[in-house]
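Written out below as C-alpha cells is the structure these notes cover.
Naming follows writing order (A, B, C, D, E and F), and every chain is counted from residue 1.
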C-alpha cells in the first residue's frame, strides 16, 4: 500500500470545479490529491504573426507556480528576470497537447491562451494542468459558439494526462511528490479519448528501463487516463 | 443604493479562510466581495544584507495578479521582463504596513516573505492583501512560537485596510471595480487597532478634494477598518 | 531651531532656473536647499496606444537619480536590469499630479514626457520634481502655442508639492534628508492653486498618527505649497 | 527511397572529429548528414550550490544554434533577452542524458559543462548533440585522469541518441529537416549501450499513435543507436 | 570661419567647475562649448573579483546621457533593458584612459568609479568626459590622501582628450555636433602631458584617409590637448 | 624570432574557406593561425526603421564567441542577460568597416547581417572577422546579382584588417593571444585596397606611444593588409 493508502494502480481523488474565475471565458480549479491548479482559457481576437491571414487560430499555454506552492518558497521568475526552464518545458507540452484536439480552422483567427497557475503542488502538476485546461478550453469554445462567434465546436476529441513511474521497484500510477522524488523511472503520458498517445515523456531518472517496463507503465497510464476522461465528461455535464 | 445593493457605508462580504496552502507557515484566502487573494507567509532563516548581524529580522511582501484575474488578460511580468509598476508600488505598501505591527527584534534574524497573489480582482486588491496577509503573518509567527524558535510573539497590534472614494458625488466605502473606475477621489487607508493611521494614500483621480471631504472619507474608512479587524479576530479565534 | 537654522514652518531656499537645457521644449533646474533636479519636458508627436485616435494627448513622467546624487553611490538601474521600485512609484506620482492640471483634449494627440533627473539629493526630491516639472511643462505648452501647434493653452491650473513630517515630536515643513531619516511620520502633499489636494501620501514610518496630527501637517503643507506656487509664478514671469 | 537516397532504416553518414577546439578539455565536431554541432566539455573546479560539500560533482549542458545555422536567420537569444524555449528544453535533455552515465562521486567536486553549438542544422540537432557530447565528455574525463585529478574514470556506460518518426505513413530512422517537418509522429530516443532506454520523447505532431507504432519506432531507434555507439567507440579508439 | 566663429585650430570655451556635487569624493561640471558633463569620482573600499588580494585598486567609468541631452529625446537604457552600445564603448574608453595615469598599487585595494553624465550634448561628449573626469579623479585621490587613507598620490600624469576631423575638406579641432555630423573623417585622441598618445580612434565615416591627413589631424589634436591640460591645471590650482 | 617562428613582419597562415554554411547567402570559415571565425552574410528583404523608404539598404554585424573559444570558459551573454561590452564594441567596428565599401543605394532596400562567430580564439579575432566577413558579404551580393535582385554589384572596394603592436620593445604584425597579452601598445587597423585607412584604433595598454612608433606600426599594418587582400582575392577567384 502507498503512503496515502492507494493501490499502485489507483489515481488520487480528482475534482474539477468549473467557472472558478468569473472573468475568464473558461476556467477550472483542478484538484488531484493535494495538487491544485487554476486553469483559465482566455480568448483574444488576434493571432500571432505566423498565423496572420491564415484563416486559422492558435492555442497556447503558460504555466507557473505561486512562490509558495511548494515546500520551500521559490522566488518569482521576474525577480530572476528569466522564465524557469522547467516551466518553459511544461507550457510547451501543455500547448502541444491541447492543439492536437483543436481544429484551428474552425476556431477562426483568434487565440486562446490557457494559463495554468499551480497554487499548491504535490506532484503531477503538469499532467493535472493538461487535464484541467482541457475543460477550461472546451468551456471557452462553448462560449464562442454560444456568442455566435463560431458556428461549429472546434474541439475534436478529449485529452487528459497522468504520470506513472517505478518507485522502489513498484510500478505506480499518478505519483505524488514524495513518490516522484524517489522514482527511478518517471513518465508523463498524454492521451486522447481514442485510446492513442499524444505525447510520451519517459525518463530514467536513476536507472534505465527496458521495453517490458515501458509497456506495463503505458498500460497503467492508459487506465488512469480513461478514468480522468470520465471525470472530465462528468464535470462537463454538470 | 449601490449596484450590489450595499449602502454607501457598508463593506462587501469578507471571508478569511486560514491554512489555505498546506506548505506555507501561514496562509489565507481572503475574499472581499468578488476580490480573492491568496496570502502566504513564508519564513526563511536568513535576512537581507542590510539586516545582517543586527539581531533583527525583516518582513517583506510581493504582490502579483494571475493573468486572468481581470476582465482582460494581462501578460505576465516575465513576458515583458519587467515588474509591473503598480505591483511594485502595492508590494512596497503591503510591506511597510505589516512592518509597523512587527517588532523586528522579537522576530530575530529571519525573514518573513508575504506573497499576495490575486486570483480574482474586483477592486480593492491592495487593501484586501493587507487585511489578509496580516492574518497569514500572525499564523506564521504563532508557528515560530509553537516550534520554539521565538519565545514571545513579535506581533504588536492589528493592521487592516480598506478603500474609500467619491463616486458621482457620493462618498462610499470599499469600492468595487466598477465604482473605482468612476471615482473622482480614491483613497486607500491602512489603520491599526489603536484607531490611528498607518498609511493614507489619497488621489484626486478626476477632481481635487478639500479638507472636509478628506475628513468624511477618513471617518468612513475608519468604521470599515474597525469591522475588518473584527473579522480578522474572529478568523484567528477559530 | 532646525539644523539649517530654519523655523519649523519655513521652506528651504527655492530657486527655479528656466531654459536650463537648450534642446528641450521646456526645462528647468529646480533647487530646494541642496536638492537639485533637472526637469525637462519633451514633446513628441505621437501618443501611447491607449490614446490612439482619441483626440487626446498624454503627459507622462520619468524620474531617476544620478548614481552619486546621494551620500553613497547607487548603481544604475541598467546595471541591475530593473527600474528601482522607489523611482517607479515616484514617477507614477509625478505623472498623475501633472495630468490633473492638463486638459488632454486641448493638448491634442501628442505626448509630453517630463524627465526629472536628480543631480544632488537632500530630501524632498519627489516634491521638488513635481514643483519644477510643472514649470517645464508649462514652458513646453507655451512653445507649442507659440509654434502654432495648439491654439489654446492646455494648462488649467498650478500644481506644486512639498513634504511635511513629525521629527522628534516637532511638526516640520519641507524636510531635508537628515530630518526625513528621523521622521516618525512622513507626508508628501500635492496641491493645486485652488487650495485643494491633488494627492496626499502619509506614512507612519515609525509611529501611527491620528486625525489631529494629520490636520496640522496638512495646514503646514498648504502654507508651504502656497509659497511654492508664488515662486513658480515669479519664475514664469521672468 | 528517401530524398537523400537512404532506406527507411538507415542513418545518415556520421562523422566524429575529436580535439576540434584546442582550448577545451574535450571537444568534437559531430556531423550527421548536414547537421554539424561543435561539442566542448569544459572542466571547472567548483560545483553549483546544491552540490557544495557533497563530495559529488555535476555535469550540465548548454545548447545553442548560430543565427544562420538554419534556412532563415534567427536572432540571437541576447537580442531578445530570453533563452529560446526550445534550446532550454534541449539542454535540459542533454544534461539529464549525460548524467545517467556519469558517477558523480567518482568525478569529485567539479563541474563539467558541455556546450553544444549547432553551426549547421538539418534535423536531429538535439540527438547529434547528445551523441557528440558524450565523446567530448569522455575525453574530458580521460584528461582529468591523465592529469591525476581523479583516479578512476567516472564514465559508467555509453549514451547515444537518434530520432525516428512516421513520415507520410512510413516509419523512418534519423529524420533530416525536410522529413521532420512532415512527420506526423516524431520521437527522440536516448539509449545506453546496455540496450535500455534513458529517455523517450514521443510526440504526435499531427496524429496520435498507438502501442504498435511506438514499438516499431523504438526498434528502429534501437538499431540506429547501436550503430551510433559503434561510431563513438571507433572515434574513441583513434 | 566656423559656424560659431572659431578658427579651425581653436577649441571651444572650456570651463571646469570643481566640487559640483557635494556628496562625491571628487566632482566637476565640465563645459566645452554647449556640451556639459557632470563627472563624479566615487571611492568604495572594495575591489572587483579580479583584483581581490592583489594589493591593487581599480578605476572604472560609467557614461550616460540624460534623455533630453540631445535634440531628440532618447529613451533610457532601462526602458529598453540594454545598455546603449555607444555608451558601453565610451565608458570602456574613459576607464582605459584614466587607468593609464593611475598607479593602482599606490591606490590600494579600493575602487574609484567615475560617472560621466551628459546633461547637454553638442559634440565631443566622450572627450569632455575624459578631460573632466581626470580632474574629479584627482580630487578624489587628494581626499584619500588628506584623509590619511593613502600616503602618496597615485596619479602619475595628466590625461585629456579632444576630437579632430575633416569637415568639407577642412581639418578642424574640437568638433561641435553640427560639424561632427558632416565629418568625413572623425578622430578622438587621448594624450598624456608627456606629449604621447594614450589612445587614438580614427574613423573614416564617409571617406578613407591617408597617412598625411592622419599626421595633420594628430598635430591639431596635440595642440588642443596641450591647451586642455593647461585648463585642468588652472582649475586644480584654484 | 617569435614564439611560433614568425618574423616580426610576418602574418600567420591565413585560410579562407567559402560556402562553409549551406544555408547562408554568403559564408566563410576564416583561419588566421589558430584563430577561427565563421562569418555568414544573411540577406533579409527589410530595412531598419531609419532606412525605411530611403531607397537604401543596410549592412550590420554581430560578433560573438562560443563559450569555449578561449582558454577559460566564458558564460554566454544570455546567462548574464547582457551583451558583452567587448563584443558590442567589436560588432560596431565590423559594421562600420563593411559599410565603407558598400554602396547602400545599389544594395536597395534590404539588410545584410553579417554574423561573426569565433569558434576558436588566439588573438586578432576582430580583425579576422572583418577580413573574413568581407568575403561572405561579397558572396551574398554576388548571389543577389545572380538571382536578379540587383543589377549592379554594390561592393565598391576591398576591406581587410590586422593588428599590430609593440611587444617587449619589438614592433610586430598580427599578434597572437600570448603576444597581445604582453603588448604595451596594441593597434587594430582597417584598410581599403586603395591603400588608405578606414579605421585605426590604437591603445597604449601599458605605455604611451609617440608619433614615430605610430608611423612604423602603420607601415607594418599596411604591408599585412595588402597581403590579406591578396588572400581575399585568391579565395574569391576559386
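Everything below uses one rule, namely that a contact is a pair of C-beta atoms (placed from the backbone, for glycine too) under 8 Å apart; a residue touches a chain by one contact, two chains touch by 3 or more.
Chain identities (UniProt): A, B, C, D, E, F = Ribonuclease PH.
Note that the structure is predicted; figures quoted are calculated from it, not measured.
> Chains in contact with chain B (Ribonuclease PH) and with chain C (Ribonuclease PH): which ones?
Joint contacts: the list comes back empty.
> What is the graph distance from chain C (Ribonuclease PH) to chain F (Ribonuclease PH), where chains are linked when they touch?
The distance in steps between these two chains is 2.
> Measuring centre to centre with C-alpha atoms, which chain is farthest from chain D (Ribonuclease PH)?
Comparing chain centres, C lies farthest from chain D (Ribonuclease PH).
> Taking each chain's centre as its mean C-alpha position, how far apart are chain A (Ribonuclease PH) and chain D (Ribonuclease PH) in Å?
So the centre of chain A (Ribonuclease PH) lies 28 Å away from the centre of chain D (Ribonuclease PH).
> Compute the distance, rounded to whole Å, between the mean C-alpha positions of chain A (Ribonuclease PH) and chain F (Ribonuclease PH).
50
> Can you tell me which residues of chain E (Ribonuclease PH) touch two or more of the remaining chains?
Residue numbers touching two or more other chains: 81-83.
> What order results when the ring of chains is traversed from chain C (Ribonuclease PH), passing next through chain E (Ribonuclease PH)?
From chain C (Ribonuclease PH), continuing first to chain E (Ribonuclease PH), the chains appear as C, E, F, D, A, B.
> Can you list the residues on chain D (Ribonuclease PH) that touch chain F (Ribonuclease PH) in the complex?
Touching chain F (Ribonuclease PH) from chain D (Ribonuclease PH) are residues 21-24, 27, 34, 38, 40, 42, 44, 62, 64, 66-71, 73, 76-79, 81-83, 113, 115, 117, 119-121.
> In their shared complex, at which residues does chain A (Ribonuclease PH) touch chain D (Ribonuclease PH)?
Per the touch definition, chain A (Ribonuclease PH) meets chain D (Ribonuclease PH) at residues 81-83, 85-86, 88-89, 92, 96, 100, 191-192, 194-205, 208-211, 214-215, 218.
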